[in-house]
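So that you can tell them apart, the chains are marked A, B, C, D and E in the order they are listed, and the count of residues begins at 1 in each.
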Amino acid sequence: PGGGFHVLAQDSAVIRVAGSTTVLPIVSRAAERFQADHPAIKITVNAGGSGVGVHGAGTRRLDIGLASREITPKENDRYASLHTTVIGRDAVACVVSSEIFRSGVHALSRKQIGDIYLGKITNWRQVGGPDRQIIVIDKETHRGTRHVFMRYLFGKSNARAPGARLVTGSNNEEQAKIAQSDAAIGLLSIAWINDDVVGIGIREGRRVIKPTLENVRSGRFPIARNLNLVTAGEPNDVVGRFVDYMLSPKGQELVQASGYIPIHSPQAVSKVAGSHSK
Amino acid sequence: MTAHAIQLERVRLSYSGKAVIETASCTVRKNAVTAVVGPSGSGKSTLLRTLCRMNDRIPGFQVEGQVQVLGRDIYDPGINVYDLRKRVGMVFQKPCVFPKSIVENVLFGLRFHATINGKNFSERAEQALRDVFLWDEVKDRLDDPAHTLSQGQQQRLAMARTLAVDPEILLMDEPTSALDPKSSRAIEDLILSLKDKHTIVLVTHNVDQAERVAEDLICVDDKTICHKPCHPLPGEGTC
Amino acid sequence: MTAHAIQLERVRLSYSGKAVIETASCTVRKNAVTAVVGPSGSGKSTLLRTLCRMNDRIPGFQVEGQVQVLGRDIYDPGINVYDLRKRVGMVFQKPCVFPKSIVENVLFGLRFHATINGKNFSERAEQALRDVFLWDEVKDRLDDPAHTLSQGQQQRLAMARTLAVDPEILLMDEPTSALDPKSSRAIEDLILSLKDKHTIVLVTHNVDQAERVAEDLICVDDKTICHKPCHPLPGEGTC
Amino acid sequence: MNTRSLFPERGPAFWGTGFTALIASGTIFILFVSLVIESVPVFKTQGVSFLWGTDWFAGEAYGALPMIFGSLMVTAIAVVLVFPFALGSAILTSEFLNGRLRLMVKAAMELLAGVPGIIYGLMGIALLTIWVRDVFGLIDGNTLFTAGLLLAVMVLPTVMTLSEDALRAVPGEFRDTALSLGLTRMEMVLKVVVPQALPGLAGAVFLGLGRAMGETIAVMLVIGGIDRIPQPWFNLFASGQSIPSKIGREAAEALGFDLQWSALIALGLVLFVMVMALSLAGNLLLRRAR
Amino acid sequence: MNRRLFKERTLLIALYSLTVFGCLVLAVILATVITRGGPALSGTFLFEEARNFGLEGGILYQIAGTLILMTGAALVCLPVALGSVLFQTEFLHSPPLKKIFRLLIYSLNAVPTIIFGLIGYLFFGVFLEAGVSWVTGVLILAVMILPTLHVSIHEAVESIPDHYREAGLALGLSPGQQMRAVVLPQSLHGIITGTLLGLARAAGETAAIMFTATAFSGVRLPQSWTEPVTTLQTHILVLAQEAANPIALTNAWGAGLVLLTLVFILITATLWIRSGLEMEAER
């Protein structure tokens, strides 16, 4: 479809970007820097969600879509020409309220987390914590964070979680609700982990894998995903230049500064991890 | 002193500082009918409402001087105004019936005052309706909504409602101005029949009517109040 | 035929089917003053408003029969009603001035009709105010708000506003009922001074006034209209 | 006669204003038509079970009942909470306060009415959920009750102002008559003024209800967001979902595509029908009050 | 008798406490927004562009965007509302047509704001392919505030005393002249207050414009019809939802304080105009 008000990015200096809120802070900052270097180019960045990014790029209503999940087969069928560029990685940790962590729950197995989300385990006592009801926090079904998390737990990105008590949308909402509670469990991008909202390890046999940047970079931490820029076809012209900028050391620095894992590391990882434990 | 039901001394009534009546004095005899006459806008209604403190609600209204009713200064802070209004009933020019049944309208005020039982209530209602000569007209439809009555009947119903509370003084503001001559006459007869037991003050524009029913005449004009001889010739006697 | 300014033939005026005037006929002479009298509620205002189609806006109002004004049937679909109202001016019982200055009020209608320039406007305003004997009273305060004028002055201002448009027929609904005797007389004089140039129809409750100013008398009563001899004795002559 | 009585005068003013009126009614018409057309697919695939289904999972099933239930529940809670406050302050303002104080209360209410929903939302997350949790000893404060409470605060000014208007519309004669019979002021208000104003008061509440039902952002942030009917159904302190909150959460994702979009629009249609029924009832009552 | 007086007094105290509580809500809101957002306020905050995901800079273009959408909506809506009110009161005499028209407006008033966003996106964004742009936002908000404006203007026009209208008619004014000379001047206060209230309502709306008219960053003043703007409402929402840093949250409250101030100015102006006119009417 086309015509009407549609303006191609190639013949104007406006790049329209929207989509996943996880990728939004990175791209919003990068766009600022990029525009400072290229005053003639204008980049508008908006939220919306991964779906908005994919559909927007597919219908060419957007020049770049942001997606924190993979493109589904259905979407690939509908828009034949979708092209993705990975600009960074994000790990999704299972997080708990700090009270729970302090009471000794430092790690859970995949089975345990799964049972909690299925509603089979309902009290922290059952996994070695205090005698307190578990407040299970789920995410909106279309969130990329949830897709990877559920794929890890149940092998299916759109698995149900009948044990959930609350459903949140954005990372902040989730973070705030876990921090306000003293018995909550949830799933969160590791960029949002702090003292009130603690990421717990995943127990695999006798091994515990903590949600640290090293573990994510090395591929040991099992729940991770790519942060994608989606374009209709190969990015070229101005759009291509911006995508290249994202992949350049300057762009990757911003990925890291926003709390995510760069594809091409500009700095030592340990320093990054340190900069994010407040 | 107590031979007078009402005694005004150097009274000034004003709305937001603008005087309607300046330093006026007068008295109303007990168990008599007193008519208040005067041109439109002279302050007759204001005067009447002052006597049962109905003007309390109006912002800016002010009373100065002494207003003695039934032997007490009613603007004294210690007075119980609700008790006063029970003893000094007022019937307004435009009959105002509540959207309830006829009998409930009659009993409306009574229910708040009396401590009598259910049977007595219906007796009191019947008595009040008989007093205003309405009983025969409505006895078969006591539970009909009151607004199905004619204007004249509504006016009498309003009186019955006030009489049921058994006030000592009855104030009436142009009780017949909305009525046809026949109904007017019925109300005049009613007033005459009530004067043995009650002190009655009525405002009227109709000089003939004043002559027919009133023993005393109070004339309100030009910001003053004065007594006039009873049964004056029409048009005679300037205040 | 055209000697009459207004000619009604078998006219019936009704609100929602209820007739106010049934099959009435009458005529009004040119350049004369005609008074319309009749009891309250008989339809005088209705009749007057019919003559400049002011009742068009009232839902349910209906005119049957022929209403000829200035030689044309004004209820003909082809008529330009705005032009008609310009030629047949009406002044209402209650003076209605707009919240503007005095001079703007006078020019209110004129501004929309005339194609004259600014200087002429003020001349026309002066002339209209002189016509109603208001010029001397207001010439120093032409830019004051009109509502600072007294009732009588406002009434004359409303007339000046209508006269400024220079209508051929002037309809006035009880122009003096809200006024004191002195202002009334001023307006009566005004009417007499206008009758050379205009046809005037005025409603009045005051029989003396009708006698003083009117040459013809139209009496509206009991759903009919009839002419009465000029200068009848008060109370005489049943329709 | 006929055409003349419909549009008697046809000048430029007629055509100008007629054109704008056409734009206005055309816009409204388009709005409703697209609302209906866009929701057809979901009714086609799911039938009326859309209304009765209790399971909503994007891409799999669309059952609106939890959202409908949540909307009704939250609105009911809001009304029960708002009624005493709105009525109380309306009675005080119209019957007992003098000019100046009255103006101040009214001004406060008008200001309150203008506070943007997003600010209520911020306050909801920062204060209300924690407060509700601690006061009622819950394990979590994101509940239907919290949303109802927040809505009550949001519609308080609307309901209060309209109630006050309804009370003041009762003619003074009724008050005079009641007082002259020796009633106290409070007896007069409760026995005469309030019964007289009852249709108006009900109308005020109904209009407030309509506002409450449509609120999106503030509710979305405190209701818990789970598409489930609480167990047992009258458990106010459970999380839930309202229609606007559901639309607000999924609209961006569904934007114009698939059955999910149609299902969201259909939710909107259901919400509109509910609000319309309420405000029609409210207007009817208000008009009867006059 | 004493019991009755006691009851009266108790109830009165209860009423006072209910009312005070209601007004306290306003105080709590003000206090919260001021204490949380106050620290963010400064000259740079009001006059600089937002940078670094709301952490640095200010909210200049957010304020500008909110103002653009508000005034745009008012400018689009006012003529339509005014025109349709005038058509309804001056020309539409047939009772059934009148009734239908009123029903339409009332039903528009009952549409929850989120639906404006959905249908607005569908119509302007998809059907007209206008995409996410400030024009779309202006049009959506204009439709949204149409009933507010229509109802208050209608009330003002209906309450013009009949004698003013008749005085105009009797001078032979045509409907157009009548509107200019009598109807508009006499209902001016209703037109102004209605518009201000509509503006306040538009300023408070978030859901409907979030994905149809605004972008989060990278926009300043729109240079063409198809560009988005950024607004206070959506800025607050995105920061509140996505900002990991507490400073950004303080900035969100700061933006909330500015938005609240903007709305309060509008409402105070409305109250002021209304009370001024009431005083004039009493004279």
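Here, a residue touches a chain if its C-beta (ideal position, glycine included) is under 8 Å from a C-beta of that chain, and two chains touch if they have at least 3 such contacts.
For clarity, every value in this text was computed on a predicted model and none was experimentally measured.
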{"item": "Between chain A and chain C, the fewest steps along chains that touch one another", "value": "2"}
{"item": "Pair joined by the larger number of C-beta contacts - B-D, D-E", "value": "D-E"}
{"item": "Greatest separation from chain C - chain, by CA centre", "value": "A"}
{"item": "Label of the chain whose CA centroid is most distant from the centroid of chain E", "value": "B"}
{"item": "Distance from chain E to chain D - Cα centre to Cα centre, in angstrom", "value": "17"}
{"item": "Centre distance in Å when chain A and chain B are each reduced to the mean of their C-alpha atoms", "value": "82"}
{"item": "Averaged-CA centre spacing for the pair chain D and chain A, given as whole angstrom", "value": "36"}
{"item": "In chain A, residues with contacts to at least two other chains", "value": "47-48, 52, 169, 173"}
{"item": "Residue numbers of chain B (touch at least two other chains)", "value": "82-83, 112"}
{"item": "Contacts with two or more other chains, residues of chain D listed in rising order", "value": "8-9, 125, 184, 187, 252, 255-256"}
{"item": "Chain B-facing residues of chain D, complex", "value": "98-99, 171-184, 187, 192, 195-196"}
{"item": "For the chain D and chain A complex, residues of the former touching the latter", "value": "57-60, 125, 129-130, 133, 139-142, 221, 224-227, 239, 241, 249-250, 252-257"}
{"item": "List of chain C residues in touch with chain E within their complex", "value": "52, 54, 57, 59, 82-87, 89-92, 94, 96, 98-99, 108-109, 111-113, 158, 161-162, 165"}
{"item": "For the chain A and chain D complex, residues of the former touching the latter", "value": "47-52, 55, 132-133, 135, 138, 140-142, 158, 160, 164-169, 173, 176-177, 180-181, 183-184"}
{"item": "Interface residues, chain E side, partner chain D - complex", "value": "4-5, 7-8, 11-12, 14-16, 18-19, 21-23, 25-26, 29, 32-33, 36, 79-84, 86-88, 90-94, 97, 101, 104-119, 121-123, 125-126, 143, 146, 150, 174-176, 179, 200-201, 203-207, 210-211, 233, 236-237, 240, 252-253, 256, 259-260, 263-264, 266-268, 270-271, 275"}
